[in-house]
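Heads up, the next two complexes both have chain A, just with different partners, chain B and then chain C.
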Partner chain A sequence: MSGLSILDNFFYPQSIAVIGASSNLQKVGHVVLKNILFGGTSTSDKKEGFKGKVFPVNLREKEILGLKTYKSVKEISDRIDVAVIVVPAKDVLKVTEECGQKGIGSVVIISAGFAESGKAGSSFQTELLSIAKQYGIRIIGPNCLGIISSSENLNLTFARVKPPAGPIAFISQSGALGTAVIEYALEEYFGMSYFVSIGNKSDIDDSDLLEYFAEDSGTKCISLYLESVRDGRRFFNSMKSAAKKKPIVVLKAGITSAGAKAIASHTGSLAGADVAYDAAIRQSGALRARTMYELFDASRALAYQPPVKDGHGIAIVTNAGGPGVIAADDAYKHGLPLATLTEQTIKLITSVCPPTWSRQNPIDIIGDATPQRYRRVLNIVASAPEVGGIIIICSRQALTQIREIVDDMIILSKSIKKPVTVSLVGIVAQEEDRILDKNGIPVTEVPERAVEAMNALFLRGRYLDRLNKSGY
Partner chain B sequence: MSGLSILDNFFYPQSIAVIGASSNLQKVGHVVLKNILFGGTSTSDKKEGFKGKVFPVNLREKEILGLKTYKSVKEISDRIDVAVIVVPAKDVLKVTEECGQKGIGSVVIISAGFAESGKAGSSFQTELLSIAKQYGIRIIGPNCLGIISSSENLNLTFARVKPPAGPIAFISQSGALGTAVIEYALEEYFGMSYFVSIGNKSDIDDSDLLEYFAEDSGTKCISLYLESVRDGRRFFNSMKSAAKKKPIVVLKAGITSAGAKAIASHTGSLAGADVAYDAAIRQSGALRARTMYELFDASRALAYQPPVKDGHGIAIVTNAGGPGVIAADDAYKHGLPLATLTEQTIKLITSVCPPTWSRQNPIDIIGDATPQRYRRVLNIVASAPEVGGIIIICSRQALTQIREIVDDMIILSKSIKKPVTVSLVGIVAQEEDRILDKNGIPVTEVPERAVEAMNALFLRGRYLDRLNKSGY
Partner chain C sequence: MDIESFSKIIANAKAESREWLDLIESRNILEKLGIPLNKSGVAKTLEQALSVASEIGYPVAMKIISPDIIHKTEVGGVAVNIRNNGEMKEYFNMMMEKIKHNLPTAKIIGVLIEEMISGPELIIGTTTDQLFGHMLMFGIGGVLVELYKDVAFRLIPITKIDAMEMMDELRAKAILDGFRGSPRVDKEKLAGIMINISDAVVKLPEIVSLEVNPLVVTERGFMGLDARVIIRR
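Up next, the complex of A and B:
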């Protein structure tokens, strides 16, 4: 909470009206109400719902999920902080007007059928905005999945599952992409402070949210999936200003004419020239993710691990030659420098490794590496002044004691100020993965993704160094 | 089996000696013997081991895993087709010589401590080859994980798990990478006909195996993880010749000086200039994978799906706008053309979709798509002459009936000659994934990987078209 913003009203309401609530299990209006009341399916959190008052609005039904319904928000005598609208597009204008008459200032419109669906929809959206302006209503949507505010146990979406709470604020211009990220979040412990599906962003947009999350103390990384921007200059300035306070990761899709054409038909806006976006994102201090995996991995790393300091190089510690080579190649492709080990570091590692260790970076400590050998080498590398961050690769070879090695990684990571990313290569080990995830160490199945995660921390470190030097 | 090659002796033996077998559960010599006898852990196959005779060789123990042991292969009266050696490096020369004296022609040497580990090891390896030459022994290894021949239930490795049987022959220059691929194979139903860890490839190498697998009727795709090549010209010619018969996917690592230095220390050979490799792989007709995921995804697609014919464009069918845009962007990056839908195709799709469908490719059939709508649209697209292959994206939105849609994908894929790849975006649905995998439809969690898989099929189709036009 920033205490300053109109967005506080959306994320910290005391009471919510669900306009279009339904007792039909197959309807979005049912799923939204259920998610608000019970929090939504989650494996990692208690199933707790929103603690404030909830009012279902439905023209025909008398009771839904044990709550009395109302035919209109105007019938409700309590104050309503947020209304969520899930009625068909043709009825949205009317119920929005009723929200205005009731004095509701914050409305989330899930209903589709607006600017994304042709001329008639566009003029619907224009009318909607004129009603909102008349009554001073702020809108998230329409054509969106909804919002989540983790500290309030508020799951105001129709997603099937709920992400764990955590430090990532996620903004998505695509509802379906948002759904996918929420499912991923649950699986990979991608903890979210907020989730906002901005849909057609007829009113509240990415820039508003960037400014808000930049000030939020529970948010350590802001991640965006973006297809188009309404006001390029404002977006650039919002990113630039927010990047000084929080790392930002942007997956900007629609780089091609095919992609751009697809966008035009699904969220009602046109993709800008990709080159301009690319330059704007880089110059603002944000990181541009090129793939969904990079969006996931960079966000997790930036939210949970410290940045690489002073442009120092990275050490790769591995029990597997091939994956170490792949990681070194990939670091090169990213421009991520590998540390050149000093004589002293090589001497120390030699004292705890068999003579066949690689004697250089990548530090191949050989396939028969025990937990003890990993622990000793990692401690040496963590203390080496030439090393700015550590990528740990562990492949389950003949007799690798993976669980003990993983436990040591966690102890190490908590005791040092250098970032750690991990690849348990090819290891079908959901338990070990989950332990690392929950302890804030990004872990992936292929070495390339551990490099990508570390690269995000390197770029963030370099950005902060420059920022400090420039005296801002 | 080719019936022609020295390699038949390795993959189709009647009897095997395990030199260095052990009853100590912590030793590689125990794991190898156990894997030969019982086949190794697998979730998808019956646990069946090698049907021929197995002879453990050990100096001290009398019986291992219920089998009588021998102090030397020379004590065994039966004929031995293959010996696998897991004794320490210093004893390898002696036992290899005994193999020669016993008349064993095929030896797999798992033991490390040869050319990969410095000068002394290199001269060991030279001596080893001179003994082999003297007795006419062929060697796989040393410093390797072993071999698998699926049709014979022969798992002659020390890997923890066993891949399912299938059409992919996998060659790995890194044992650890090989282990990772085997674990992945089990998880993702990456079915293997053969697996060969070539280690230091002192004798049998990638070129020998390419030539062998090109003639093997059970192999539909040859996949290699490669770090260096001994004889560049021969390797190029082997690839070029094999590519005419089978698709080949190569992950060539060590593109950088850091990667190359790491390689030198772990398999005893030097990486060549990356540019030369790149050109050679492309010109030969093989596909160069850039990441481990691409190696996995391209191999699965090429092994299980038909190539894209006549350079036709691809259709993307999705219930999710954002992931469709990401897929379109990614196709562009790969140079994979999207089909331009004809008026006729658009008319047909319009007749079975709500008016808000995208009316172009990517074909966004909207978030509320039912199994019926997917089925109808997929049938139209499959029959459209302008479409050469279909990427199906399915995101679990509010009420998506994922299982029924997946079942329809399988029916469709079996009834058409166009390739299909799938992304169940963000769906935590191991069951549906497994069903698709087992039916030969490559499925991934992010759209980018479904595009990568289709791109491999497009490139293979284009290669075959050119091959046919050039009249061989």
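Up next, the complex of A and C:
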């Protein structure tokens, strides 16, 4: 909460009206109401829901989920902070106007059938905006999944579940991708401070949200899924100023409408498709993710781990040769430098390892590595001045005491200022994964993803160094 | 950078309802941007061409000067590596014939005789994106630029940090540090040229695209051989 923005009204309401609430379990209007009251449809624990007042609005029903139902927001005598609209598109204009008459300033429109669906929809949206302007209403949507504000236990969406609370603010232009992210978030412990599905972004858009989340103390990383923006320069400037305060990860899909170009030049011909978006993201200081995995891994790493300082190289500590080499190759591919170990570091590691250890980075401490050997080597590497971050790889062999090694990783990570990412090779969604996740250590099955996560921290570190030196 | 005379050149082209600048105007603009040019001279007749060439010293290149021709190579308006008076005579007549055949109505001002320069070739260009506006491109230049696609982009205006990072983003960045005995690039100076181009586009927004290609790296420093400037009428 920034205390200054119009967006505070959306994320910190005291009272909500659900226009189009329904008792029919199959209707979005039912799911939204239930999610507001109980947090997620897959949970029934009342404590997880929104604490403020909730008013269902429906023309025909008298009571839904035990709450008195109103025919119009105008019948409600309490002040309403947010209205969520889930009625068919043809009725949206009328109920929005009623919101205006009732003095509601913040409206989330889930209903589809606007600019995304042809000419008639577009003119609906234009009319909607003129009503909003007349009454001073701000709109999220239409054609969206809704919003989540974790600190308020507010799940104003029709997703199946609520993501765990955490430091990542997630903005999605796609509702369907949004639900997928929420579902993954549970498994992968992708903790969110806010979730916003911006839909057609008829009014409030990505730039508004970037500016808001940049000032939010509960947000440590801003992640976006984007297909297009309306105003390229405004988007660039919002990213640029937000990146100074928070790391930003952007997954941009689709290609820009290349449009009319100076085709007589080489520059024009090479500036096709995606180049302008890519340049804008790069130049602003944000990080561009190429896959959904990278969006997840980079966001989690940036939200929970410190950046790599001063362009130092990375150390890979592993009990398995193959995965160590894969990680080293992948680091090379990303341009992520590996640390060259000093004589002193090699001497120290030799004193706690069997003579067959790799004697270089990747630091292969051999398949029979005990928790004690991991602990000793990790402590040496963590104090080595040439090392800026540590990728820990552990493959489980018959004798590997994985749980103890994982507990040590957590203790180490909490005591040092260098970032740690982990790959438990071959171990999928087990207890050890969850413990690392919950302690803010990005953990993945394959080493490549641990490298991607570390690379995000390296790039963020490099950006911050540049910012400190030049203010740019 | 001399924006005023830059702006005059553009105004002149606009007055003639042109969307691009001719070879002489473009080379003029390279100079204003702080880019040294190779030796050159204008010739209207074969006799003048022979005398300019001997003054510069063979081998030379010859390019057509015409406000009606933007793609010189395609209409036979470029000849390179002309080694002596005999070849000059041959190429001059051939060029005039070809252009007469390809573009009978084109207004011909003359030809530009230029010193032949060789070395690693770079490109600096700007374009206008519908959504993000003016952008700057830097990369490996020459006629094969679209084949190699070894270029980096930034939104304009750029800073020196951007310029330096763009140099570092090229796959063939080793060429800037003197690859296999080729001359080393003065990166500070190169960044300065990139920033000048970026600034020129900011100050003269009617420039739709300004492209220097090739910018040749020589022992004597950079040399701009050709530029293409497209303006909004």
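Simple rule for what comes next: the second predicted complex is superposed on the first by the 442 of 472 C-alpha atoms of A that agree within 3 Å, B and C clash if a C-alpha of one lies under 4 Å from a C-alpha of the other, contacts with A are read in each partner's own complex, and residues count from 1 in each chain.
Here is the rule we go by: contacts are C-beta pairs under 8 Å (C-beta built on N, C-alpha and C of every residue); 3 or more make two chains touch, one makes a residue touch a chain.
Bear in mind that the values here come from a model prediction, so they are computed numbers and not experimental data.
Applying the stated contact rule after C-alpha superposition, one finds that A:A276 touches chain C and leaves chain B untouched. In the superposition on chain A, A:G175 makes contact with chain B only, while chain C stays out of contact range.
When the two complexes are overlaid on their common chain A, residue A:D81 makes contact with neither chain B nor chain C.
In the superposed pair of complexes, A:S358 makes contact with chain B only, with no contact to chain C. With both structures placed on the common chain, the touch criterion links A:D216 to neither chain B nor chain C. In the superposition on chain A, contact of A:D205 is made with neither chain B nor chain C.
More residues of chain A are in touch with B than with the other of chain B and chain C. 256, 258-259, 261-262, 265-267 are the residues of chain A that lie in the contact sets of both chain B and chain C, per the superposition on chain A.
Only residues 20, 70-71, 123, 125-133, 135, 137, 145-146, 149, 151, 153-155, 159, 161-162, 208-209, 211, 213, 228, 230 of chain C touch chain A when the two sit together in their complex.
On the side of chain B, the complex with chain A involves touching residues 26, 28, 31, 112-113, 116-118, 158, 160-161, 172-184, 186-187, 225, 227, 251, 253-256, 258-259, 261-263, 265-267, 291-293, 319-326, 328-332, 338, 355-356, 358-362, 364, 367, 395-399, 425-428, 445-448. On the side of chain A, the complex with chain C involves touching residues 229, 231-233, 236, 256-262, 264-271, 275-280, 282-283, 466, 470, 472.
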